[in-house]
């Protein structure tokens, strides 16, 4: 690798430091870990969505060759471990007792000498069930005649919580008196993050040291350590959580799953390392899903298209347990970002949550908490308004954008947007795609009876949770951290409380540190994921790493620099006040030729520290962000529809993103490609479906459809840069914008193509059959 | 997931393989490419006691046209059908089918014969080879027997093969002059089974009138289906738009799809219509361009 | 029921005593200890387990180890030669063709096999060729770019050695082949 | 899944109904029966073989026979397990005398849970229908093979 000049490290397209191991097959993921005397665990799961457990017979399984132990809910109950707390303040069964509440719920764990024997043993466990009627529809769950699902709770209802924000009366009044009100029901279907690596762990309890080491697929290793300590009763210092390379997370690896707890229990019981790696079916049917929001939006507006008020209602289906990973104060996450990029004078939003006999969740899938639902809803409904008023959707958006002069902007639902220039991103997107020309082409095609659509989305995100006076998970404040150790030779070890899963932290955080310390990226090594060595942090999700840990990196480095300046003054034989940091060096003011580098200082810190100054050169910084960051952008999608089959072809997709200061444009672009592809999959094919009996119909990759290279459109990306005023380097976070912003662009394009038929909305996934049935119902035979 | 335990045998000759099947009866299962069988075994839905691997038997991968018949050996993989210049030049219906079976990696192992024996109504080869009027040769303890493919395909996942027989050859009549074929498939994404698919093989006389038509339907019935009324209707006709439209309607009427996650009955039936019209047009273009 | 089995992986023999039901991918990962080949699903859908069997990319989760006996298996660990990255590995790095890295070994094997067969594939052809390999991170665009760049590099390397390029050029041309 | 059908049986209604309430007799009519244990006068457990193409296995069926609302009805409920799955079938038969024969109009509602439902979806409906059809077909054959009037 060639050395990169210190002064221009941020903003450089630098090849990733993590790649050499991955491209040579030398990454180390959880399933790659093999320990001496390790045994395997498999889980017995319920075929029923709702059933009373009548009996579990383990004798046959225990008699199978190689089977060492079978653990049931009754066993865990004795240890007080049959239930565990969720991050949302609910509790979840580790192994079922009494009854099962969703299909594929964990019922027993079988530990055996080999993987094969564990699966054979699991098959041999006999479980007797008495099936109960399953509740699949969240609306039906609230009806009085619906069976009570959670008999363990004091509240004898399937309703979990109600949340609201904004001004109910003012919003109602505005809606009553408005020229125009549009109302749209919008379902954001249940989806699953489905990282390519499933979840798993190796639990290694050492009877000699009394310590438990848990290698686990974790986006938040420290939080997992603390919670595991709370659940298991093991003292926290006797637990070491290591999250090795993680094969994608997207929110799926934020939670603690019953399988981890069972593996820990098995290791404690057997005194041997226990490996449990779930199958894809287990992953899709039992781990954190996302969305499942059933929403209604109403926008009140004047004839001129100026919006007056927004009212939103949503029903959130959480499945059998409220296992969200939301900040405590926000049961509906940051759903109140639903006013989007628009200057609503008033707004009101409310969400009710409900239990059903489905897998528990839900997590933020490649987005900040419930932001995708909110963004999709407002961007979809703005198009409904445009259609109602006969105003071009681009023009309607422009008329209602929060203007640059209003930043920092206080939204009607209470957020303070840090910075934004929405029209600039819109303009760039329209210009790049050739909007005017496309609209002319569309008109021509419509005359010929062809179906072409153009869809826009001008989204605003809210990421980087978050300010500690507002944000905590299970009581732990949502700061993040960086610890820097500058070695005598000027090389740096940088450790973080975050845990990347492909985001490129080993490169981008090295860039931030190198920039701040005047070093080369090659001089910095980034380490994450080991709770014994990394400073405490809340982990990587919700696009929070750059806004929090990235900020901590810059500020820890500046802390190093403060001490380094004292050493530099000592080396330059002048007063501290005469030394300045410029061009990546310490220089004597007025005599820039007299300078020392960070490397010189590092050596001196260990070999020649100034008298009275502590030797060494290290710093740690725990960063409490003063505000969230608000990335934004405009996406434009162009589609053509086959009238025969209902097939939708994405012809063009232009994405203009603004994530503030860009640390590494190559990585930013990669994040955008990936997020757009997920948004595409969600818009057109991904859905976790259940039948009326609560069978999960999407429990593997033949039915949970992920786009391949063939379906995936070619992405065109561009950007504007509006730095965050409160972030030390102006960065906002980007991993999730494309997934948040794109679903509306896709659906808006399809609806636009069909709008001559009077179509105003189609729920995702937009399958060929949905389009086909609209076409046929309008007599278009193909 | 992990399959249940089984015994494995890799015979070196066909008689040896047949003898193994005879000895183990229902317990035994032939494995060639294994791309349908192994997934079913991993879910423990299939749990044969003995796998008889025929991949080590020499001489089963022939693919050649001889005396007016294309002979496809039991170890010919989808990928070989896709890449073969013979198939590409002479049998566009089969080349096109090969290119949409599962995904490219599965095609490197899965075999055409295995797919027919598996008899999944959503398998592509059944429909294509019905349109091509293929026959199959079964080899058992008593020797060989030959069946028309439509007599071989009995029901969903069920064929006329006995537990002690192996499908040892697929025979496809070589195309007549002025003939062409096409295979069109609607799938939700690459690698998916068909929502619906249609294979057609047509021949014309010098006046552009259809002399023979084969129309095979995929994933819209308990087995792969032949759209006989459409085939009969096309005979003697020029492929004018209204002729194709009518053939599409007849093919749709011949289908009996069931609703599933891929689509409703009505959608699948209408896709048969659309695909039949398009496939016939494409096949005719190929036939008449030659 | 167990049997002793020897497989040739990346030119090296590996012996294990396994049941017939041991999947090739588990033999590679556990008997041979080569963990670059991953498992991502149980329905032959994702391609994370892709290896070359006699030069052709196949899903090693849908093949029993016994079936591969006597055949040549190549895994991602066999791509680099004498410490030098395969042009495709280099191109994945240059073009940001990977993020979490989990699909990467499978993608590389499929891509490398494609380039063996087709030195100058077009974008559509590349997309079709990798359609049996799922990636959840990259959106495929940079993977396609990387395969194109590797194709260019390999064609360049395969071109006749011009004066002044010397033996190094010839050596890298000879290295172009990756199938054992 | 719902399906229905009818059988015309050359026996009197009382005979048919008596048959439908006799565990050892109904049990024998299950297709691919391997084992039958009668628990009491209304319940039995059967093990049946399942074999559809590559899918092979055994199902344990716990069957309850119930008299229904009146003389013209009989009900059969099945709770099954096997192949990583659960199976529930509730069927009822309406018995109408027609010209000395009995018209048995049956309907069944089946639900399947587990692997068969989530993975085997494409072969389920046809198979479930076939099994119920075969059962009622076998009931007709068994009844007609018995000497008439025996149960009357």
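As written, the chain order gives the labels A, B, C and D, with residue 1 at the start of each chain.
Rule of thumb we're sticking to: a residue touches a chain if its C-beta (ideal position, glycine included) is under 8 Å from a C-beta of that chain, and two chains touch if they have at least 3 such contacts.
None of the values given here were measured: they were computed from a predicted structure.
Taking B-C and A-C together, the pair of chains sharing more C-beta contacts is A-C.
When every chain is represented by the mean of its C-alpha atoms, the one lying closest to the mean of all protein C-alpha atoms is A. Remark: subunit C and subunit D have CA centroids separated by 54 Å (rounded to whole angstrom). Averaged C-alpha coordinates put the centre of subunit A at 31 Å from the centre of subunit C. Each chain gets one centre point, the mean of its Cα atoms, and the points for subunit B and subunit D are 36 Å apart. Counting partners per residue, subunit B has 1-2, 4-5, 41, 43-44, 103, 190-191, 193, 261 as the residues that reach two or more other chains. Those residues of subunit C in touch with two or more other chains are numbered 19, 21, 42-43, 45, 128, 130-133. For subunit A, residues touching at least two other chains, in rising order: 115-116, 123, 279, 281, 697, 700, 702-703, 706, 708, 710. Across the whole structure, chains are in contact as follows: A-B, A-C, A-D, B-C, B-D. Of all the residues in subunit A, the ones that touch subunit B in their complex are 115-116, 119-120, 123, 279, 281, 644-645, 647, 685, 689, 697-698, 702-703, 705-708, 710-711, 767-769, 772-773, 776, 782. Partner subunit B is touched in their complex by these residues of subunit D: 51-57, 83-84, 115-116, 119-123, 125-127. Within the complex formed with subunit C, the residues of subunit B that make contact are 1-8, 10, 31, 34-35, 38-39, 41-43, 51, 53, 55, 79, 102-106, 108-109, 190-191. Subunit C makes touch with subunit B in their complex at residues 1, 3, 19-21, 23, 42-45, 47, 50, 53, 56-59, 61-64, 66-67, 110, 128-133. Against subunit A, in their complex, subunit C makes its touches with residues 19, 21-22, 26, 29-30, 34-43, 45-46, 48, 75-77, 79-80, 85, 89, 92-94, 96, 98-105, 108, 126-128, 130-144.
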